[in-house]
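The structures come next, written out as structure tokens.
Look for chain A in each of the two complexes below; its partner is chain B in the first and chain C in the second.
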Partner chain A sequence: MPSRLSLPRALGLAALCLLALILASLLLGAGDVGLWASLQALLGHADDEARFVVLQLRWARTELALLVGLALGGAGVLLQAVTRNPLAEPGLLGVSAGASFAVVLAINLGASAASLHLGVATLGALLGCTLVLLVTQMRGVGEDPVRLVLAGAAFSGLLGALSSLLLLWDQRTADEMRFWIIGALAGRPLDTLSWSLPGLLLGLAVALPLIRPLAALALGERVASGLGHHPQLTRLGTLLAVALLVGTATAAAGPIGFIGLIVPYIARRLVGSDIRRTLGLSLLLGPCVLLFADTLSRLLVRPYELPVGVITAFVGAPILIAVIRGHRLPTL
Partner chain B sequence: MTSLPTLLTDGSCAAVRLEARGLSMGYAHSQVIEHLDLLIPPGQVTAIVGPNGCGKSTLLAGLSRLHKPSAGAVLLDGKAIASLPSREVARRLALLPQDASAPDGLSVAELIRFGRQPHQSLLRQWSEQDQAIVDAALAAADLLELAERPLESMSGGQRQRAWIAMAIAQATPLLLLDEPTSALDLGHQIEVFELIRQLAAAGKTIVMVVHDLSSACRYADHLVAMHQGQIIAQGAPSDVVTAELVERLYGVRCVLLQDPLSATPIIAGIQRSTRPTEG
Partner chain C sequence: MSLTSLLRGAALLTAGLLLSTPLLAAARTIDGAYGSVELSGTPQRVVALGENALDAALSLGIQPLGSLASRGGSDVPHYLKAKAGTITLVGSVREPNLEAILALQPDLILASGDLPNDLYAKLSLMAPTVVPKGGTFQDWRQTYSTYALALNQSEQAEQRIAEIDTRIAALRERMPQDQQVSVVRWNPQGPFIMSSHLFVGQLLQTLGLKANELAAAQQRKPHSDIISLENLAKVDADWIFLATLNPDGRKALDDARQQPAFTRLKAVENDRVISVDGQIWSSSSGYLAAQHILDDVEKALAR
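Moving on, here comes the complex of A and B:
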């Protein structure tokens, strides 16, 4: 690609963006605490109410956006690398649908502790990942990026329908799930971060030793083997990491779609397609995109809020179409 | 033509022995190779030739541990290659398969750096020696000026030289190539074959599957002719290649001429054999 940024420069830019967006997320809200009051609160001069809103509510929400954005950005890059498909995205391939179905099922069966969701969602995401793996091994489907997404859409549709069925069945589940099922960062229990952080760290730890083999896998399975890697193990490990990351994000904030598509797309544009360059950058860009969408979701229909999943879908869908419409799909 | 820097060939380059013993290989329903013995002569270029479906690519996949044998074994320095850690094998044996494909935007230098992966680990990151070896591989493949070019912008021959340079950067004594010149035009074929000869002159042992028999005769020291999963002849090309062998291999009659430049056999006047072809 002709106009690639050097990696340090791209990372620096993303970090600056992230700082600005964190600040924006703290200062801007849908409610009564305006920009000026928020700034005062940050500096410690405001009344108790403003300080509570900014330092407790918005801060918790910002932290959650950092965690979820990081998890989904990382998961998107990993999933695209392992399927060699620029359209692969946890939401589109049914990984998120697997995770949310598992959570709906668990709540329906009577589980109520939020911390339980992490394990359940990860298991559901793992189910989704297993299906992705099976589909990619299918002749004629695995090699064609668009067909893989179609298979994922069918799977997502099925799991989504099953989730809706469970929600119709049980009023209590429905009330508990109504906002969660679209994906939102607001109104999460304050301890969400503390139980989801381990899931995120574990997912990243699993992914770390796989970066080099994944980069080699982009040269073809046989080349990767020739360089001393084990493609099958690499694939399994990567899908485990993706399941952990998506499970964590979904348990914490519901199925927020398209982050895993938008983030790798921007990262590739900036630094090229090598995962050793895109992964680190995506871990910064994921929170950027999510914070941007979340802040926007508070401002568009003030004094109400949109679920953040709606905004990401509005940004992500055109990118999906742009990638498909492109002269030809980029090979990864 | 410069000789290959010692950087690329030293280390474990005490000639490596690669051999197949009682090797049988196959896929789910068909046995492709049965009970095959082969010793790769060290320091030479070996070409495996034969008709489509004779098992030559399968044999190469077996020799490079990509495909597990159903019986027998491939031995690398006397040890079963399947029992060795894959990374350790990758430090002694480099491989260029046919289906290699690079992601968009990958530059020549970036591709060649992949060759250093078997020598790296989480703890042992990129070193000055790695960089020196990449530079030497670039020079050996005559790609110094093109180092930063994206692969998709280069000619087929340049691209293939870049892939070979990646295998060179692995700094292995053994190099296995699956049809390195397929899909290349005549000029680009020569580019690639001359690079291969140059690597052999520097002491590497090379095994390649070659489609074109005349090219195999010209550029290989040792010819292995396969037919229906068996080796039916092997040795120096001028000793081995006869009109009878060509007829047995490909079911065609031909006249053997001599290349005025290299004095190696050339297959000419090819006609369909009246005898029905085997297999």
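Moving on, here comes the complex of A and C:
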């Protein structure tokens, strides 16, 4: 274990990182507007084309990456705390799959308004969360983190099969649905940010009063009760917060996996496993990881782009293996 | 009473035999993608796998028994629906259902140029299977003529092709000079441009319209990868045909119009974007498809 950083230092470092990545996200792209022209555009000196690319296209997806990264980073920490499992990740456990399946179902039934997706996705995520919670209550799963992931894989597989079934049923929406299988930040409608911001804020507002009870819960159910917290209430509240955050992120950008795994993993390595320390840091690191992945997604196959969900999977899978391989799986 | 009906039956039988003899004589060899196929007579139980084969058969007056649901659709392509009538669906373009094909007891299977070898091996056990050479980049006339030869309708096919050529020659006179066109598919994941070397590109070129550079560069793949919105200007042209696989092209156009990168395009600013049926414009080829495309182009561009 590397020597831990003090919290203010870690936060400062993450903030600096975030600023640098925001800048990179604005300056780098798949197009012909290069580094220098982009910098000029930021300073207001460039031609019309460069200004449009930097101030509209890249700015819009940077904002969206901030929002989605924040939501997924936060959701990851909360889900890991409530299940006391370092592998609990919305993507791995089928919470994201629940959210996107709900949207696919809604589209299939004829709902086309994008703003409707937020509510539908949150409901789907809530269903996924409830299932996760039920599975953790089963005997044996609580002690073995990998079992929960296996259950999640089964759940994701089931939802994948259901989505395929809907595709077979009604192929007219096939084009539209492909987006809900692997997420992306590019080309989202401009109003995405305005309708998803309330979802994010609400999710964070629900999570905020739960931080202390969750920290107490990490010491065990009895200790938490002894300190005057309500374990069941805490769990339910946390699941609601996770559902709101994952639902918002999925409705805004489709399912993007592994952010909720990578971010808490880095945060724990930097400041230890106490949620009072990791949550704030993760809210900064989430956008960092997503911005990094998104910038990479534009540069790898220029002049085309990859969906960012592909990149996060590439970065996340090795980390998943690293966590499982670790001699001592950190218990939370 | 019984004698007359017996006589009538015998007469019908003789007539039937007389009629079928010359058909047997029409032996022909078709040079397909997986070797040559020997055929004789006019096939009676045709299964047309794919919109190209179905288009060819229907345009030559042959009613296939079975066909496939089109890509992104749950039925045969919309533009062929009325002509195809009650046709049995034997799977989708992505996944033909071999059992359903066998159940129709075909005497000829027409498949598209990109049929995989292993599927060909199985289909050709059921009935003579014709796979035109050259895949989707082949000159559409070649593909069409191959199907026609298999259907024993070569003469009629020549007429059909001549009709298209005559129409193109007349239409070409009414086309604006030096105009560049591109065919774009707008998906929720992002836009891509169709290669200009496919059927539609071939037609547009013979009309004297120039292809967009990125479309011309797609020489191996039917379309480009998903284009970054930063590079959307690369699909710009004097005219953009916006294709969607969903029947209501309006939705794709509405989605596209919400993107500032799209509304900045020259063609959009000049109101020269035409939403077209992607089932015809990006997946089909043949006589009937050609007539539809020429209709679209005439309506939009002809003076």
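The criterion applied here is as follows: the second predicted complex is superposed on the first by the 324 of 332 C-alpha atoms of A that agree within 3 Å, B and C clash if a C-alpha of one lies under 4 Å from a C-alpha of the other, contacts with A are read in each partner's own complex, and residues count from 1 in each chain.
Methods note: a residue touches a chain if its C-beta (ideal position, glycine included) is under 8 Å from a C-beta of that chain, and two chains touch if they have at least 3 such contacts.
If you're wondering where the values come from, they're calculated on a predicted model, not measured in any experiment.
Touch criterion met: A:Ala216 reaches chain B, while chain C stays clear of it. In the superposition on chain A, A:Leu201 makes contact with neither chain B nor chain C. The larger set of touched chain A residues comes from C, when the choice is between chain B and chain C. In the superposed model, A:Ile324 makes contact with neither chain B nor chain C.
Once the two complexes are laid over each other on the shared chain, residue contacts for A:His230 go to chain B alone; chain C is not touched.
No residue of chain A lies in contact with both chain B in one complex and chain C in the other.
Chain B makes touch with chain A in their complex at residues 64-66, 85-91, 94-97, 99-106, 110-111, 114-115, 117-118, 120, 122, 150, 167, 170.
Taken in their complex, chain C has these residues touching chain A: 69, 72-74, 92, 187-190, 224-231, 233-234, 244-247, 251, 255, 258-261, 264. Residues of chain A that touch chain C in their complex: 29-33, 49, 52-53, 56-58, 112, 170-176, 178-179, 184, 186-187, 189-190, 298, 301-305, 307.
Contact residues on chain A toward chain B in their complex (touch as defined above): 1, 4, 208-209, 212, 215-216, 218-223, 225-230, 272-274, 330-332.
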